[in-house]
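Below, chain A partners chain B and then partners chain C, in two separate complexes.
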Partner chain A sequence: MSDTTPTAAPERAASLPAQSPPVDPAETAKADRSAGLSWWRGDGGEGAKRNLGLLATLVVLVVIGILTRPDLYGDASWVWGNTLTILKLASVVGVVTVGMTFVIIGGGIDLSVGAIVALAGVWCTTLATQSYGAGGMIFSALTVGVAVGLVNGLLVSYGRLVPFIATLAMMVAARGLAAEISDKQTQVSNDTFINGIASTNVLGIPLLVYILAAVVLAGWVLLNRTTFGRRTVAVGGNPEAARLAGINVRRHTVLLYALSGLCCGIAAIMLTAQATSAQAAMANLYELDAIAAAIIGGTLLSGGRGTIIGSLLGVIIFSTITNLFAINGLSTEAQNMVKGGIIVAAVLVQQVQFRSLTQFLARNRATTT
Partner chain B sequence: MNDSEEAEVTNEPLVEAPADTVAGEVVLRLTDVVKTFPGVRALDGVQLEVRAGEVHCLLGQNGAGKSTLIKVLAGVHRPDSGEVVLRGEPAAFVNPQAAMRAGIATIYQELDLVEDLSVAENAFLGHEPRRLGFVRRGHMARRTRQILARLGHPEIPPGRLVRHLPAAGKQIVSMARALSHEARLIIMDEPSAVLAHDEVGNLFRIIRELTAQGIAVIYISHRLEEIREIGDRVTVLKDGRTTAANLPARETPTRDLVSRMTGRTIEYVFPDRPADDPASDELLRVEGLTRHGEFADVSLDVRAGEIVGIAGLVGSGRSELLETIYGARRAQAGTVRMGGRTLRPGSVGAAVRAGMGMAPEERKSQALLLGEPIYRNVTLATFGRYARLGFTDAARERAAADRIATSLDLRPRDVRRAVRTLSGGNQQKVVVGRWLLGDTRLLLLDEPTRGVDVGARAELYQVIRELAARGVGVLLVSSEVPEVLGLADRVLVMREGRVVREAPAGELDENTVLDLVMAGSLMEGAPA
Partner chain C sequence: MTSDLSRRRLLFGGAALSAGVLLAGCTSNEQTPTEAQTKAAATGANQEPGKKVTIGFSAPAADHGWIAAITNNAKAQAGAYSDVELKSVEAGSDAAAQRAALSTLISQKPDVIVLLPHDGKELNAFGLEAMKAGIPVVNLDRAFPDARAYRLQIKGDNYGMGVAAATYIAEQLKAKGVSNPVIGEIPGIDSLELTQERSKGFADTLASLGLKVANRRPAEFTADSGQQAATGLFQALPKIDAIWNHDDDQGIGVLAAVNQANRKEFFMVGGAGSKKAMEDIAADNTVLKATVTYSPSMASSAISLARLIGQGKGMSDLVELQVPKEIVLASETITKENASDYLKLGF
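For the complex of A and B:
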């Protein structure tokens, strides 16, 4: 192979970089297409596209509500009140879902969120904690949440346990500890400030909804505008690439579970305020609601992709369904069956819609150019 | 299992030269095959003629349409128009199973084996011999053993999990699967990419045996020398079109082949090597680095502005050495010093902070976030520098990535595009470009041109040389000896985890290096 062996022909070598290689027409076509789509291809553009589908689902649910109960929907003040009911219903799970979304985008899963909410709720309503007042209760709930999350994170990243297993173990253990602390009794919260969190309205909107909005906003900024968010996407999308780029994958994984724990701590205060009490069985199956909402919202279960807004819409869709059944006086059993169907349908519809939409647009461009 | 069945099994010819394909007869003919995807004409009029018993090589740059063509033949894609004629009959495969039943087997570059199934289970995946719904395990194991013997690897146990086989062994299993289907046409997509030099010899021996039995092989490779050795005829693709068909593989000049692939004439051209400058500062010093079972007592140094190449076979410990220097693996003994300071072992973060950067061997699995935009991949190691108080600055990142894209001639240049859509060469530029953003002083390159087409290779060589001219030290690992010799200033030859020779590149030639890397290595199976 005389002509493939290194022949450092000087004049060639010098002329090479200047010589522009032939332009691949296929590549140009692709580039044109992406330029045409660039207005929605920016950061998280694909997620925005998916979120349109979720909004459409929400609209359909409202239309079903109007068709089944035209009498109620005729009354504007009832509609406003009902919307607030739905948002209030979504608030606690919504906060948990924000943390869950981070964990899932980061390539993990957290099955212990419901149990952490219960443990934090029980911990902050013991007589000893309540004696420190509202500040002490809030502090202890958040600390318990973060601490349990840290343990989860350490088990996953340094103990090298599969997230599913580590958090499954934590789910069982944390509920057990909550039952132990509360002696399986319902602990009543006597703190008027804490209880007031659920009953206070600001400008006609429940404080709980503001808390949800604040957590969602903080989550959105954290995911889309900070180095923490970028690391999350990198660690979940390709942990090996992240590691070889110098990102401390293990430390970041610990932080993700701690963040989820923090959200659970916040949710524990909200839920305790709503019930004016806490018990070991509270926040039952929240992990499933949060995971389902994140998945419906377009978060990839294998990590690396997801949006906070999508997760929020997922939670709101669920509470709208619950509300729809309530105003029609239907049973919760039927409601759960429908929810299961919705999860499957939402994912199926998104897949089809996403594919056909991009193809349709591409074809449209191809014919116009 | 009764006697009559035993007899049936043993009498069953393993790979039968099909009666209807005499050697030389046309097995497959493609006429004007077109396949479009949204916005892209991936195949735009492909002609291909494959005869029984020949090795038909398919040449083309990344993006020329080879992969799409393979998928059309394998039943993954259906062509929009054009004619596919298999043994004289029009063929339209509705799915991969249909293609397989028609006698076409495909061995993909990323082997599609199930790691946690046994060799036999993989060989017969999807068409296990069954009776009453139960898999006939004994029968399956026996037939697998026969096929493996035929492939020259009777030592591979049919019951062994595929996970525990080396890359070459996995490829044998893929071929066993093709034979278990009694394929008459086997498509091999860059089969040598995962193999060490001596294993390639064995692969060629197997291919020759297959073609001697009248099986046709479509062979895809970037390595021209392989095509010379194994190929009979060559078809060249460019931009989804056949630009040359049925060229004789041995006689066609390289210049012709390359010009039909690229539309211009280039060869492996390496940039000029500047005069040696012994006065430049020592950047990296590695002393007595050891990881048991991988490499032992390796000492080396890299000076600023110097390109040091490591030549060695797969399994010589070269990639492991690079990853250990980078802190991705923890050394059991020895030290790594950057600019005189000893690095904390097993910490990539420490290495990056000290000014190291690495482009790992497996671009897709080790270096890239395929679904993320180009600019986020370029800034993956540095986005923190563009951030203020933890808040990222996408505009500045895009501007920085855009500069890199321009200086590396990234095509297409739109840094918002997903990395997934780039060709292999351009993806590699993204990985290398990542380290041009920071103050990287030492670049570790592991197989920088694997899966990169000829044109993009020359550009990458130029980039690497320019980096060195700017004072960056480069430590380069490659299995292609000409690449190491042509690009590096100084060469270390590794064999079985040890450095066996160190010399300026000018003092070594390809044959010397090949002798060194292969001496005492396992030569069984290689052609005499």
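For the complex of A and C:
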């Protein structure tokens, strides 16, 4: 990235300790705000509090589990296995959510993630692709994901389509193409390496959980420790200011959607491995799961704020609820109602916090100037 | 700088282009086409070519192996008759789209219409209209509430699937001498009437034998949802004796979950009767020991019967001179013993 045009705020940048050479004003603003924050706070002062709240929610869910099924929770090996199962269940949506978090922080939305997972999954399990072995399957899933993401990004940034519309169109079109390629059949994966991704444990922990951890770590570093991440926050917070500050907003937007597509490609491999097959209807409604997880994780739908850790906790909370309802034999209808309630509650909390934050800022400005 | 940039662009462009070419080559799914379920012309007066019959056909766009098999079967069966012309219209994505497609079909003046509606209730009015216009309607699988809306209804037996699955499971458990068995159920989309009927048949039959379902986790007829539902079931029930999974397509995912969780203590019954399930049952190397059918071969039969209706003939083995009004297929239980007989009906 050697393309950064000279920025408008060199003197402010100069006053900071030397960091990576290309300094965006967004970065300086960010550095001001985040000085002295603990490691898991991605952004903003209230992030830590929110993540603590999410952790508390998780604890409450586990306590409910202990109270309702003491027989199962009394068995330590079951508890360990169950924890790994929850993480495994969270892994595919978790990877998708990392990409989604970037897109939303950058001021967009990606409704096509489920469809991209399905298209990439179907593409990598055609008989022709499978004949190239695991390498060919992984290559095609990732490339299809990135390519579809690029198209989304180009439509949004250069075609000037509203992200909601562009990705809604892609959602329909990608599932259509997936159905066309698969001829609406379930394509069974016969590749033992790919299928093994879902059944392999390393040091007692499923490989899928490592993949989730790696993607989350990469996403966290990208968002919090690189220029790319700071630009994402700047572009989502105020695209006009970001543009004036010399950020190539359009190109950055394209990259964000491509990143989301890449995550979908990774998720497609994981989901194909889990189901040992792929079909056009797979990953149904993952876009809703990913958006919901990002929202309850504290990502602002209007962009400019969000944390990877929060999103991860959001995904884990949802898969813990699914698990809780499964072990108690309760219906999925009730489960969906509880999930909906949690999303509404999270957004209400978000609004209240946002209002008090803006009020606080307004008061601050009034006293300092 | 500029030359550097253009070189970079060239590199990226070339890489993207070659990736695209590589990928485009990877969409092929060429394989030996699965044999459609047709009934070859046998002997008998009904098989003799008769009056030419034009059959209009409409089924929802396939998003699932079963629906795809319905359409394939209908086409293949029509092709087996020299006196049948099939006019097929895509039914689009919902009932409204199907109604629009059907009105264009009517304008082509078919002798008989074979129809798998998106929703029997919503297309009831179309059935009435066509029957009033003198075109006999053959309803495939999703019943019209109004008896005047169809000439013939041919459908599978969802309740009977549940009965068959429960009966097989109870027999096996009894043979093994399991007392107080833990039975799990993985239905398909729970809001569908067909799923509810299947589950009711299952629960009723188990109850009559003093058994019950310990836990049911619905999936969505897809392999990935089947995998997740099964994983949830395994967490809830540390020891299972038997599972009924309603659908063999989602069963691919259920079997994957079985391997991933390394759970082998139970046996499983599938549903629908896919080719892969039948092969697994015949090979007897998975927990899948049986499947109860809901066969898309009904589409082939519907075309044969529509032809007879169009020609004014009855079914030759029956005494009646006309085709009956309702046919409900029995749900058959496929096990290792008879899997080879049914393999040609797998989809």
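Annotations
Quick note on the criterion: the second predicted complex is superposed on the first by the 301 of 369 C-alpha atoms of A that agree within 3 Å, B and C clash if a C-alpha of one lies under 4 Å from a C-alpha of the other, contacts with A are read in each partner's own complex, and residues count from 1 in each chain.
Everything below uses one rule, namely that a residue touches a chain if its C-beta (ideal position, glycine included) is under 8 Å from a C-beta of that chain, and two chains touch if they have at least 3 such contacts.
None of these values were measured; they are calculated from a predicted model.
Residue contacts after overlaying the shared chain place A:Thr129 against chain C, while chain B stays out of touching range. Within the superposed three-chain model, A:Asn323 lies in touch with chain C and out of touch with chain B [touch as defined at top].
Legend: residue contacts after superposition of the two complexes on their common chain; A:Asn190 is shown touching neither chain B nor chain C. Looking at the shared chain after the overlay, A:Gly304 reaches chain B, while chain C stays out of its contact range. In the superposition on chain A, contact of A:Asn336 is made with neither chain B nor chain C. When the shared chain is aligned, chain B comes close enough to touch A:Val233, but chain C does not.
Under the contact criterion defined above, no residue of chain A touches both chain B in one complex and chain C in the other. Residues 72, 75, 78, 81-82, 85, 88-89, 123-124, 126-129, 132, 136, 139-140, 143-144, 147, 179, 181-188, 195, 198-199, 271, 274-284, 322-323, 326-329, 331-333 of chain A touch chain C in their complex. If you check the complex, the residues on chain A that touch chain B are 1, 3-10, 12-14, 16-17, 19-35, 38, 41-43, 225-230, 233-234, 237-238, 240-248, 304-305, 358-359, 362-363, 365-366.
Across the complex, chain C meets chain A through its residues 19-20, 22-23, 25-31, 61-65, 67-68, 190, 214-218, 220-228, 231-236, 238, 249, 252-253, 255-257, 259-260, 276. Looking at the complex, you find that chain B touches chain A at residues 38-42, 63, 224-225, 228, 239-240, 253-255, 262-264, 266-273, 326, 328, 348-349, 351-353, 358, 360, 365-372, 376, 380-381, 383-384, 387, 390-392, 394, 409, 411-412, 414, 416-417, 421, 423, 434, 455, 458-459, 462, 482, 485-486, 510.
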